[in-house]
Amino acid sequence: MNTFGDNIKLCVFGQSHAACIGVTIDGLPSGTQVDEEYVAKIMALRAPGNSAIATRRKEPDKVEFLSGVVDGKTVGTSVCAIIRNSDSHSSDYSGIFKKPRPSHADFPAYVRYGENFDLRGGGQFSGRLTAPICIAGAIALSNLEKIGVSVSCHVNSVGEVEDVPFSPTEDEKDLAEKLGGMAFPVIDEKAGEKMIETITKASEQLDSVGGVIECKITGLPTGLGEPMFCGIENVISRMMFGIPAVKGIEFGAGFAGSKLRGSQYNDSYYYDENGKVRTKTNNAGGICAGMATGMPVIFRVAIKPTPSIAKAQETVDLATCKNTVIEIKGRHDPCIASRASVVVRAAAAFAIYDLLQN
Amino acid sequence: MNTFGDNIKLCVFGQSHAACIGVTIDGLPSGTQVDEEYVAKIMALRAPGNSAIATRRKEPDKVEFLSGVVDGKTVGTSVCAIIRNSDSHSSDYSGIFKKPRPSHADFPAYVRYGENFDLRGGGQFSGRLTAPICIAGAIALSNLEKIGVSVSCHVNSVGEVEDVPFSPTEDEKDLAEKLGGMAFPVIDEKAGEKMIETITKASEQLDSVGGVIECKITGLPTGLGEPMFCGIENVISRMMFGIPAVKGIEFGAGFAGSKLRGSQYNDSYYYDENGKVRTKTNNAGGICAGMATGMPVIFRVAIKPTPSIAKAQETVDLATCKNTVIEIKGRHDPCIASRASVVVRAAAAFAIYDLLQN
Amino acid sequence: MNTFGDNIKLCVFGQSHAACIGVTIDGLPSGTQVDEEYVAKIMALRAPGNSAIATRRKEPDKVEFLSGVVDGKTVGTSVCAIIRNSDSHSSDYSGIFKKPRPSHADFPAYVRYGENFDLRGGGQFSGRLTAPICIAGAIALSNLEKIGVSVSCHVNSVGEVEDVPFSPTEDEKDLAEKLGGMAFPVIDEKAGEKMIETITKASEQLDSVGGVIECKITGLPTGLGEPMFCGIENVISRMMFGIPAVKGIEFGAGFAGSKLRGSQYNDSYYYDENGKVRTKTNNAGGICAGMATGMPVIFRVAIKPTPSIAKAQETVDLATCKNTVIEIKGRHDPCIASRASVVVRAAAAFAIYDLLQN
Amino acid sequence: MNTFGDNIKLCVFGQSHAACIGVTIDGLPSGTQVDEEYVAKIMALRAPGNSAIATRRKEPDKVEFLSGVVDGKTVGTSVCAIIRNSDSHSSDYSGIFKKPRPSHADFPAYVRYGENFDLRGGGQFSGRLTAPICIAGAIALSNLEKIGVSVSCHVNSVGEVEDVPFSPTEDEKDLAEKLGGMAFPVIDEKAGEKMIETITKASEQLDSVGGVIECKITGLPTGLGEPMFCGIENVISRMMFGIPAVKGIEFGAGFAGSKLRGSQYNDSYYYDENGKVRTKTNNAGGICAGMATGMPVIFRVAIKPTPSIAKAQETVDLATCKNTVIEIKGRHDPCIASRASVVVRAAAAFAIYDLLQN
């Protein structure tokens, strides 16, 4: 289902070649601020074509609020917001239907839906459908900011190039603000330059490359998170795998932590100078038993290389039942990590905002 | 919430020092087989004390079905099954309340619930609460077997020691069967021996160690998985983070895949000798756009080191507001990976079984 | 919440003075027919201004499908459909905010939402929001027809004037078809004329009048309905009270049946000439223990008199905290029963269609 | 499904001849009072055999809390409570399987479940399964009392005999308290005596009789109730139809109100001597647009005559495919209205308590 949330439910709709894509948001408390400028800012960061290495499509991703908002505030009924589709080149996708693109939705969707699905431009499986998540996430982000909750992301790695990680124990408010305005958010600008080189090189070789995004959330009330299946990790992970390219998620020390001993991993408690209980390390990523410990929540998601590459690839011809080769035309991002970082940030914000309504 | 599932809903209840722990399962189709021997077999594998390296507690984990099952079949109403608690040493936990154990639920639970929670033995946050998940999972496992779906797990690593991974492309039916009967499931027995050495050594040093569990699911119908937020990855990850020690999950090539180029990562399609569409590699872990590709579903979860260690640890005293030291008594597994592998298998089976009801 | 459905979820959005009203429908199986002409036909029957006694507003209620439908079929993603708002007279509602209209949402909404709600034209509480339900219901109706399930409604009474009831035991296919095309659906046309007289008289006296709608569903598979809280009665009643004017619902003999003895009420079984098990009477309204018995499902809903009347009414002035008098301007239906019968039919169809997906 | 609730989820389990019946309650805030004496008091009122006219079975309905409660308070995890089954006479039900009892679940359950259901004693469709609802409802009732919310019920009618109705506008606190302790709650004791005569006479004639229960809820915050499908009427009606004998529900003036004119029906607002906004009449039953108006919430449910009667009844023999006659042995209440009034009260309390968590 395209529906997410326990207290506030978002429902994503649309296909990349329908009249529009959009989202309904049911359950936003009446009087919740909807700052259309803030939403536009987030959409601009996610939009294609905003950096040298992104796809050349120029979709403005202009958001229209059709209902539920009056004078910048919700009125207690469902919010519906849409983005009209304009710049589509349907012909680019001719022939794909019978020659499934490797590592795309094409083949399982064909088996599942027969011919009853909309393949054009990735149809309902397009990365473009993360834009509606960003609308809901942007509303969440601006309202979280008001209550002192900050959500920020950076591109942690592209291929083998790594950025400096977030500090697991410090708040880094200034860094969060800086990253929030960057189209290609990195902590170490040098690393960022190398990443772009890596992406450019892959692109020139008709190829793509993957990456990792790191997300940090500060300001959560200690104890946030419901038991067992509705803890912070459960809801964030469920949300993250709704973003097409995500193939892994780890909190705190994550997989590296599994190699440690308990005495290395465990986060010792201490009283800081202000009498606040803190931990010396934060291998737990700010979460124990699904609940916020009061330390920053930190997680990383693995982003697979963009599956659409210009290089010839082996596949099957479902019409002739023979092995064949496909060359994918069209304009595709050689690396989705920077744009996905906006989506990860917005999606995490929505999941947390929903959890905070309990 | 302690409730999981869209079509079949399980609700876990109990604390480690309540009269019992258990589960209700609502929505199992009438006539579903409930093989109590099969359930007992799974519980025995998860039970403490079944290997040299596990905790010495001897809880039989005997499952009683209170309702919903007549003559080994469901009757269309909710199933309730319980495990009575017997072997509990409450006194082992005295004093913990005010000195939160590092990397345990204690501190956030204290802030969240005040004194209104049951800390004894980990209370509602105990790993013991994975036993009820195993009851539901065992029912799922035996019914999945009937329709040709196999779910198996092995301990992929303990500390730095690694087992041979599953083949991402072959079915390995015999291996699955063998692993299903092992208390410490590994593919390479030599690796298993080294893992046990590693665990024993940690234990002798009053310490613990983490690990990774790999899970493989074969026989799923191609196309299984609902759109966006109810794909295979969404539901499995949400379930996995319900297991207390899990801190990360990755599907297929996962985080390592994020370092690759598209031309390396993409799984080429081909017709095999039987005219079946398969992929040459399986970096996608058998899932594209949340849907089964027809190749084995493969994922790994990171298990943190057991937080309860006998070594002295720094913490705070919430009564005196001073920094202090804690030494945790009681019997604890120095590595939870082997027992958790049973839980991961059962939990994955339940999530898949629920998804298959759509 | 504005969300309804277990397998297929509809989410209603919009206010009477927003850009549009509409609905998203998540979970319609791929390939489900969406017959836009059929939808338009249902919308036309519900539309204001289609009979002498209805409000004089002339809103075309033209439905636009924004997503999820290609070539008259669903593609497996969420369907979004809207109706643009055009003919609104905002000024008619000036001053209402502080003088709550008796038996309207105004007062509780004011207390609940403060000034953060959209009162214009009834805002999110307008009967106009039943139009989106009709879109979803019309899709359900046309697909139910294909599998032999018929849903029909008539105006059972207006004030004291009663129509002939449905036969509780016969299928009456021809009658169902006839009623499906009537703007003021009645079985006995003479009764219909008297109803219109009653309504006209009320209208001339600046007043309104209530009524009862009877609904009949045939062709359901025996045994349909989930246990306890998801039986046919649970889901239909929950849906019906989503229609603003509904204040009661009864199945089969309903309240009159509560006066009977068991020997009078119980529906005896017999084999008919075709070897089918039927009941001689149908006091159960085709439902036992929440499940379809195979006999027609019959229920009635009580529709309160339209609260907006032109007569002066006593109310309070929330600005001055004094008792006062209100005269409601604007165009309002003196009796909502005929238009509501379309909504009841569509809403029942959606609830049943959702239940049939189990 | 046997699951109800948005914020607090109850899941009913058990059959009348299983080891026990019971309920899990997930989501009760930590620290919620669970007064076992109060629960026992409610169970005693519902228990069979507590008045001359009830079934002679003597089931103590002793509630055992298996988990989630420590020292009379919830600890934030799921509560599981059971009632063991003891006094069952399975042989009384022999032969029923093939001769469905009129107006019972037997026939649709047989078609739905084949032989995979538990018919003994009504199995999962027994009125006995309302006992677990009462456990959850009793917890809700005692906690609602603490915040000034009162829920009370009386037997409004049995057959043609009518009790005095609740005052729709006054609080009647003393009456509520009195009714809460009565096994056969009526306002006018003379009417109560006539009801018992009516029931006794029906019983002597091997027959049964139906009735109506009226419920009144005071103290709700004005504005309570979520939009459209989660208003007070939606959630209460969905819950009520989970009680096996309920066949209708009406709020306020209900069906009688549908005969009125708007000028008669509308509830005028006025400021009372304390400056509180009240309505002169309460035809809305305390609910407008799904939200509490601040006046008492009043609804009535129609209870059908007990279907199990000793008189011979016509039915079919599913084994021989012939028409036949059935005589139902066993002990059954000739009128369920008084015992059902306890269930209606508890069930309404749970639904309201759940709604209040928003």
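Residue numbering begins at 1 within each chain, and the chains themselves are lettered A, B, C and D in the order written.
As a convention for this text, a residue touches a chain if its C-beta (ideal position, glycine included) is under 8 Å from a C-beta of that chain, and two chains touch if they have at least 3 such contacts.
Computed from a predicted structure; not experimentally measured.
With chains reduced to the mean position of their C-alpha atoms, the one farthest from chain B is C. In this assembly, the C-alpha centroid of chain A lies 26 Å from the C-alpha centroid of chain B. Distance from the chain B centre to the chain D centre is 40 Å, each centre being the mean of its Cα atoms. Chain A and chain D have Cα centroids lying 47 Å from one another. Taken residue by residue, chain D touches two or more other chains at 1-3, 12, 76-77, 109, 112-113, 124, 227, whereas all remaining positions touch fewer.
Contact topology of the protein chains: fully connected, every pair of chains touching. Chain C meets chain A in the complex at residues 1-3, 9, 11-15, 18-22, 24, 26-27, 30-31, 64-68, 70, 73-80, 82, 109, 112-114, 116-118, 123-124. Those residues of chain B that touch chain C in the complex are listed here as 76-77, 227.
Across the complex, chain A is touched by residues 1-4, 12, 100, 102-105, 107-109, 111-113, 124-125, 129, 157, 159-160, 202, 207-212, 222-231, 233-235, 237-242, 244, 246-255, 257-271, 275, 277, 279-280, 283-285, 288-294, 300, 302-309, 311, 313-316, 318, 321-323 of chain B.
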